[in-house]
Structure formats: structure tokens, C-alpha cells
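The data blocks that follow each hold one structure.
One chain, subunit A, appears in both complexes that follow, with subunit B as partner in the first and subunit C in the second.
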Partner chain A sequence: MTLFISILINGCVLGSVYALVAMGLNTQYGVARILNIAHGEFIILAAFITLDLVTKNHTAPFVGFAVAIPVVFVISFALHRTLYKRVKDISANDGAFEGNAILAAFGIYFIVQNLMQTHWGSATAAYQFMPYSVKIGPADISAGNLVVLLIAVLICIAYNLFLSQTRLGKAIRAAAQDPAAAAMLGVRINTIMALCFAIGGVLAACAGVLISMKEPFTSISGLGYTTIAIIIVVLGGLGSVKGAILGGFILGYVGFAVSVYDSGFMLSVFYLIVLVLLIVRPKGLMGR
Partner chain B sequence: MAMLEVSNINVSYGNVQALWDVSIHVEEGKIVALLGANGAGKTTLLNTMTGMLKPTSGEVTFKGERIDNLPSDKIIEKGIAYLPEGGRLFPEMTIKENLEMGAYPSTLWKNRKPDLERIYGMFPILDERRSQLSRTMSGGERQMLAMGRALMSNPTMCFFDELSYGLSPKMAQEVFKIVKQLHSEGITVLLVEQNVYQTLEIADYAYVIENGRIVKEGEGHAMLEDDYIKQAYLGV
Partner chain C sequence: MELLKRSFFGGKAAKIQFFAIIIAIVVLFFVPNFGSAYLPLFLAWVITYAVMSLAWTLFSGKTGYVSLASAAFYGTGMYVQAALGSNLPIVVSMIIAAAASFGVAFGIGLVTLRLRGVYFTIFTFGLSLFLNKFIHWYEVKFFHTKGHMVLAYDNLTVYYCVLVVFAIFLLVVIPMNKSRFGLALDCIGQNEDSAQHVGVNTTMTKVLAFAVSAAPVGAVGAAMATTIGYVDPDIAFKLLASFMPVLMAIFGGTHSVYGPIVGAIVFYSLQDYLLRELPGAYMIIFGCVMVAVILLMPKGIFGVIDTIIARRKRGFDGEVIGDV
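After this line comes the complex of A and B, so read on.
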């Protein structure tokens, strides 16, 4: 019973953070058509920014949002307007762009990771956030983890409201479904693509702040999160935000349950899930 | 001075030229048809007039103002609505959201609520199912939604690309009826059609485009009697 409640809640915590990571990757791929291999690096950048704020400036970790979000937004937007615009100009067609964009993202991955390693070193980084637990039934659950869950769920809800209720959110969905038709209705498609790439970065930054609150990380942890995000996006369906949330929670639960036994098996189990899914339902759970 | 004036435009896709020295004019309040075989350049011409493609030379003016260098949201705000070939609805958006996208340019967005009500009044079938996803609609209903979306911007001029394509004869009739109704309300219409006979019956004026060039023009009814049109497009 204790184990069951622990998996129920901690799996949910992990799942909510995975959902954020995958929503970010999906926003970047769904509209801007960039499979951003460097996604995880911006998660870790935000985590380090938060770490510095907490350990050097003695702020609350929440201040990480106020600093990391604008930093990652600006870097991502600028990257899209310069690097990816250039990649688009030299690509013969959309298919060629997707391939070239992955290569460019790999370049960004190496650069950002090396800069972080130079600046913050390779040691495991962590700080203490609400280091006490609350009793839920018979189980002891970390208070910090509950706060992380609450914030991640709020961000998921806010992002979905943004997409479904606002003018910009509707333009983003329209552009994801049919960019040429959106352009014919007056949507400035290049701006929307740059914005989507930057919004994907913001979601990565949010995930990074939360990850720093709940677990240790290193300057090379990023690729692991990118891999998980790609698995979730394949699982949930390319371009589907709801699929990313569903897939995030599934992997969160499975991941936590497996890690109780042995965390070394986590990725193998994830790959197994995707393998089975690709055979049974190749377009993903929510894909069309 | 015609409401819409296209003067000697040339348009290319990369090295391949698609329109050659094309000129057309559309008088206010008229229905003008643009006819031509597949690949003649009809859609290319519409895309150029709506800011999706830039001509390499020549100009497009609307109500005396040049529009060929404007982005499409500004062209829509000036009063031109475009219903693209195939409708191009957003499949995962509801009827209401698809309609709202027709009022996307910022000056129109503020006023979208009364516009929505106006479109629901015009197309009761859309009113009944505001929150249905457009991908679950029938072909005819989809074309109604595409028309409604185009009309959300309160246009003074509409470009319709192959409105009746893929519709049953009855549904095509219905669509042409709406075009006539818009015409009677004073809206200027530029119709691109494969359905040559029905189009010439309601058109005040028509152009024929072949291989990117305008090869013939004249009054709608006169075109119906024209030997070349009869032979090449009406199959008599």
C-alpha cells in the first residue's frame, strides 16, 4: 500500500515534468518543423541558472522562472531568426529543411553543452528544496515534489488555455495544421514559427527550474531529457499537445515504477513501450 | 477606374514562369469569372493578388492603392477575402474556431463576435454545430464553412477558387445561389471555376487563361455563344 501510494504520487510528479518537456519539443516540431536535439540543454541551462540563484544569491528557486524564461526565450527566438532562417533559405524543400534542422540542432547541442561544462563543470549539482516530507496515508511524500507537481500541472493547464482561448494560440494551432492556409488568412507565418520555437524553449526552461527543485543534475543530463521527450512525442503522436501530456504521464508512471526496482532499466522499458506502440498504432496514441 | 486592377504581371516559381504579362480588371459590384484548364495559372493569379506570391514585374491595385507589396493581413483588412482551392479548413479546429480565423487580422479580431453571429445567420447549418470539428463535416458543409470563414472579414470583394469542385450538382447549385446572393448585396466576386457553363451564366465578365496568358475575354453571355469557348470548354 505504501509503495502503491508512493508510485501513484511520485509517478505523477515525474509525469508532469515529462509532459512539460514533451509539450515544448512538440511545439517546436509541430509548427517550426525542427526536431530540437538541443531541447534538453535548455532544460539544464535553466536548472543551472536556478542553482546559481539559490546557492549564490540565496533567492527562492521560484525566482529561476523569472530569470530562465526570458533568457531561453530570447536565445531560442534569436536562433530561429538567424540560424534556422538561414537553414531554411538554403534547403531545397520542407523535407530537406527538417533534415538540415536536426543537424543544426546537433551543433547547438554540442555548443551549449560545452559552454555549460566549461562554466559549471561536470560535477553533479543539487540544492535542497523543502527537504521534509508529508504523510499521505501510510506513505511519506516529499513536500518539494508536491510543489513541483502543482506548478507543472498549472503550467500545463495555462498552456492549453493559451492555445485554445487566445488569438495567438489559435494562430499557432492553425499554423500547425495548415501553414499555407493560415498565411492566406493573414497569419505571419515566419513570426509564428519563431515564436513557437521560443515558446518550446520556455516550456523547457520551466521544466528545468522544476527539475532542479526535485533532483540532482549535471551539465550532460540534457540529452537524456531530449531522448525521453522524443519517446513521449512518438508515443503521444507528433504535433499533438494532448498526446504529449498523456504520453508524459504514462512514461512518468512507468519510469517511476521501474526505477523503484532499478533505474538502469528505465530507458530500455521506454523503448520497449514505443516499439510495441509503433507496431500496434504507428501514428501514436493521439496522432492522426 | 476598376475596383481591382492587375497590370502586366509576371510571376515565376524559381526559374519557371507561371504567369506572362497578365492584366485583368474587375469592376465594382460585378461577378467576373476566370476560366482555364488545369495548370493554366488561375490559382497562381489569385495567390499573387492576395499577397502570397510576389510578381517579378507589374502591379496589382485595389481601389486605387497598390497591394502587390502588402502582406496578406493588410490585404484582408482592405476588404479582399480569399477562399482557397479545396477550402483549406483547419481539420482539428471547431467550426467556431475556423470562422474566427477568418477574422484574424488585428483590426477585424476585435469585432469578430458580431461577425460570427452574422455568419451563423447566413448559414444556419454552422450555427447548429459550432463546436464540431471541421474534419467531421461532409464535403458540402465544409464548403459552407469555407465560405463563412472567407466572409467573416466583411469583404467588399471575394476571390473564390473552385467553389463547386467535388460537390454534388445540387450542392453546386446551392453554392452558386450564395454567390448570386452576395452579388445582390453589392459584393464584387472573382470566380475561378471548372464548371464553365454554370459560371458563365452568372458572370458579368470572363477571362480565359491558357499556359499563363490571358487568351480571351468578354461578357459572360457573349462567351457562352463564342465558338472557341464552345469548342474548348463547353464540349459542343
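After this line comes the complex of A and C, so read on.
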């Protein structure tokens, strides 16, 4: 019973963070058609920014949002405007662009990761955030984890409201469905694409701040999150934001349940899930 | 036989190509006698990357399916060598490694090559990460260690081993490019639906090409494992081994056999130089070079040279940026 409640809640915490990470990647792929392998690096960048704020300036980790979000937004926006826009211009067709964009993203991954490694070193980094636990039924749940869950769920809801209720959200959804038609109807498609790439970065930054509250990280752990995000996105359906949330929670539960028994096996199980899914339903759970 | 004749003795260009390859391989065979002791190892690495890059071009360059699975095949070869190298002669274990990589690629191909576009890239990208994590888990769980020692061979033996793989691969790839099979692959790359309509068994062609391209990568992986002397999942399935061949092929251009070879020579030399002279900044510079290659030379170095020649001939410097 204790184990069951612990899996129920901690799986939910893990799932909510995974959902954030995957939503970011999905926004980038769904509209800008860039499978951003450097996604995890921006998560870790935000985590390091938060770490510096907490350990050097003694602020609350929440200040991390205020600093990391603008930083990552600007970097991502500029990256799309300069790098990916040009890659798109020189690529012969959409398929070639997707291939080239992955390679360019790998270059960025390399650069960002190694810059972080030179600046922050490769040691494991962590700080204390609400180091006491709350009793829920018979299980002890870390209070910090509950706060992380709350914030992550709030961000997920806010982002979905933004997509469904605002004018800009409508433009983004239109661009995701059919970029050419959206452009003809007056959506400024290049701005929207750069904006979506940047929003994906912002979601990564949010996830990064939450991850720094929750668990230790190193300058090379970004790729692990990128991999998980890619798996979730395939699981939920490429380009489907709701699919990313569903997939995030599924992987969160499965991941936590597996890690209770053997944490080294977690990623292998994720990969097996994708393998089966690609055979049975290649479009993903919520894919069109 | 008819095909071999046509590929190598058909026209004047084919004849020249055939003799050029033979001469190049003979020269490469004797080169280690003249250089320093480091030369065979350096050349062995260049040839390894050339094989990986050619293998990538054979499948992905033609069909347009971007594969990031090179590291998976390379690592499979390394692990076969680690498991069998101490009991079997290196040639036998290399053949087994090639067969193992062929098998992995065939299985993966059957599952994933029905998918189109980016799904395939995602899957192959994940494959080497998965093998890395899975073998790590397996080793720790059942052997309580990470990594294996590999029986070492001298550099010259390894050099000749990879050179033979390279020669065989070249002598298979060139006729294959001109065969019905190569034509079918080109056709898939241009328009897969049309290819299907004119009677190409697209799935089987893709799967076979993918598997054939994996075999030599496994073989060179097995050979190179002996020079490192130790293999663990992070060394065998390192991500860079998936991206380097792609980058080399793009840099050299994917429309000829020479492109990937030129790419391998340039990039391995660059890597070797940076690692020796600027080990701290190596990765950052390398990342910048990657981005620059994709941005500035999408048609490869030969594409850039062609454009420069074309501009010279036409004598103007106008709006040709778009098709550089």
C-alpha cells in the first residue's frame, strides 16, 4: 500500500515534468518542424541558472523562472531567426529540412553542452529545496516534489489555455495544421515559427527550474531528458500537445514503477514501449 | 559478371575509375612502410570513418532516409570483438561482427522502414542510446562490472584489416550503384510512391540496403576495438559515431563515392589535430564546424567547387546563393 501510494504520487510528479519537457519539444517539432536534439541542454542551462541563483545569491528557486525563461527565450528565438531559418532556405524540400535541422541541432547540442561544461564543470550539482516530507496516507512524500507537481500542472493548464483561447494560440494551431494556408490567411508564418521554437525553449526552461528543485543533475544529463522527450512525443503523437501530456504521465508512472525495482532498466523499458508502439500504431496515441 | 564488366570496364571513365581504385589501394597497402609508427593507426581511423561514411551514403544518401544508427552497428562490432576476440582470430571475429550488424540492421529495418520520414530518424537515433543503456544494465546486473578488456593487436595488423574491409566495400558498392538494386534505391529517394508503382519492392529494397550498409561498419568496429583495448557502452555507442559519418558525407557530397572519403580525411584530420592541440576547446570548435558545414555547404565541398567554377565561367557573381 505504501509502495502503491508512493508510485502513484511520485510517478505523477515525474510525469508532470516529463509532460512539460515533451510539450516543449512537440511545439518545436509541430510547427517549426525541428526535432531539437539540443532541447535537453536548455533544460540543464535553466537548472544551472537556478542553482547559481540559489547558492550564490541565496534567492528562492522560484526566481529561476524569472531569469531562465527570458534567457532561453531570447537564445531560442535568435537561433531560429539566424540558424534554422537559413537551413530552411537552403534545404530542397521539407524532408531535407528536417534532416538538416536535426544535424544543425546536434551541432548546437555540442556547443551548448561543452560551454556549460567549461563554465560549471562536470560534477553533479544539486541544492536543498524543502527537505522535509509530508505524510499522505502511510507514505512519506517529499514536500518539494509536491510543489514541483503543482507548478508543472499549472504550467500545462496555462499553456493549453493559451493555445485554445488566445489569438496567438489560434495562429500557432493554424500554422501547425497547414503552414501554407495559414500564411495565406495572414499569419506571419516566419515569426510564428520562431516564436514556437522559442516557446518550446521556454517550456524547457520551466522544466529545467523544476528539475533543479527535484533532483541532482550534471552538465551532460541533458541528452537523457531529450531522449525521454523524444520517446514521449513519439508515444503521444508527433505534433499533438495533448498527446505529449498523456505520454508524459504514462512514461512518468512506468518510469517510476520500473525504477523502484531497477533504475538502470528504465530507459530500456521506455524504448521497448516505443518499439511496440511503432509496430502497432506508428502515429502515436493521439496522432492524426 | 556482366554487371561487373559494365561497372568497371564499360566506358572509359569506368575503366579509369577501376584502375584508380586499384592503384589507390595498392599505394595504401605499402604506405605504412614509409611513415612514422603513428601513421598506420591514423590511417586506420581515417579508413574506418570513410567506411562508416560510405555506408551511410549507400543507404541514406540514396533513399533520403536519414539514419543515425551508425554508432549502433559500430558498437555491435566492438562488442562482438570484446566477446570473441580472445578466442578467435581477428578475421573470423570481424566476419561475425559484420554478420551481427547485418542481423541487427535487418531486424530494425523490418520494423521501422515501413515508417517514413522523421520517425525512422528518431528510431535509429534512439537505437544506439538504447543499446548503450541496455548493455550497461546487462553488464552491471550479470557481471557486476562496466566494460570489457579487448585483446590488443599491433597497429599494422589492424590497419590491413580495415583496409581489406574498405577495398571489399568499394568493389561491392560501385557495381551495386549501377545495378537494378542501386537504381531502385535512387528511385525510392526521388519518389517512393512512383517507385512502388513501377514495381520496386520498396520495403525489401530498403531493408536489404540498410542491412548491407551496416555490415562493414560492424567489421571496422570490431577491428578498431582492438586498438582501444577496452570497450564499455559509452565508448562503443558514443553519439558522435552516429553523427560524424553523416557530417563527413554531407561535407564531401553524397553523389559520388569520393565525397564521403574526402569528408573522412578532412574531418578525421581536423579532429586529430584539435584533440592534440586544443583538447579543451575541441568539442566547441567541432560543434561550430558542424553547424557551419550544414549552413554553408549543403551540397558538400564539391558542390562549392562546382559553383565557383560555374561562376568563373559565367563571369558574374549574381544570385546563385540559393543553389550553392
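We take it that the second predicted complex is superposed on the first by the 288 of 288 C-alpha atoms of A that agree within 3 Å, B and C clash if a C-alpha of one lies under 4 Å from a C-alpha of the other, contacts with A are read in each partner's own complex, and residues count from 1 in each chain.
Here is the rule we use: a contact is a pair of C-beta atoms (placed from the backbone, for glycine too) under 8 Å apart; a residue touches a chain by one contact, two chains touch by 3 or more.
Predicted, not measured: the structure shown is a model, and the values here were computed from it.
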Should A:Leu185 be classified as contacting the first partner (subunit B), the second (subunit C), both, or neither?
first
Based on the superposed arrangement, let me know which partner A:Leu267 touches: subunit B (first), subunit C (second), both, or neither?
second
Going by the contact rule set out at the top, does A:Gln177 touch subunit B (first), subunit C (second), both, or neither?
first
Using the superposition on chain A described above, determine whether A:Arg167 touches subunit B (first), subunit C (second), both, or neither.
first
A:Ala125 in the overlay: touching subunit B, subunit C, both, or neither? Say first, second, both or neither.
neither
Parts of subunit C lying in touch with subunit A, wherever the complex brings them together:
64, 66, 68, 111-112, 114-115, 117-119, 121-123, 125-126, 129-130, 133-134, 136-137, 140-141, 239, 243, 246-247, 250, 280, 283-284, 286-291, 294-295, 298, 322, 324
Where on subunit A is subunit C touching in the complex?
29, 35, 37, 83, 86-87, 89-91, 95-96, 98-100, 102-104, 106-111, 113-115, 118, 223, 227, 230-231, 234, 238, 262, 264-265, 267-268, 271, 274-275, 278-279, 282
Looking at the complex, which residues from subunit B come into contact with subunit A?
50, 52, 71-73, 75-77, 82, 84, 88-93, 97, 100-102, 104-105, 109, 149
Residue numbers of subunit A touching subunit B in their complex, please.
167, 170-171, 173-174, 177-178, 180-188, 288
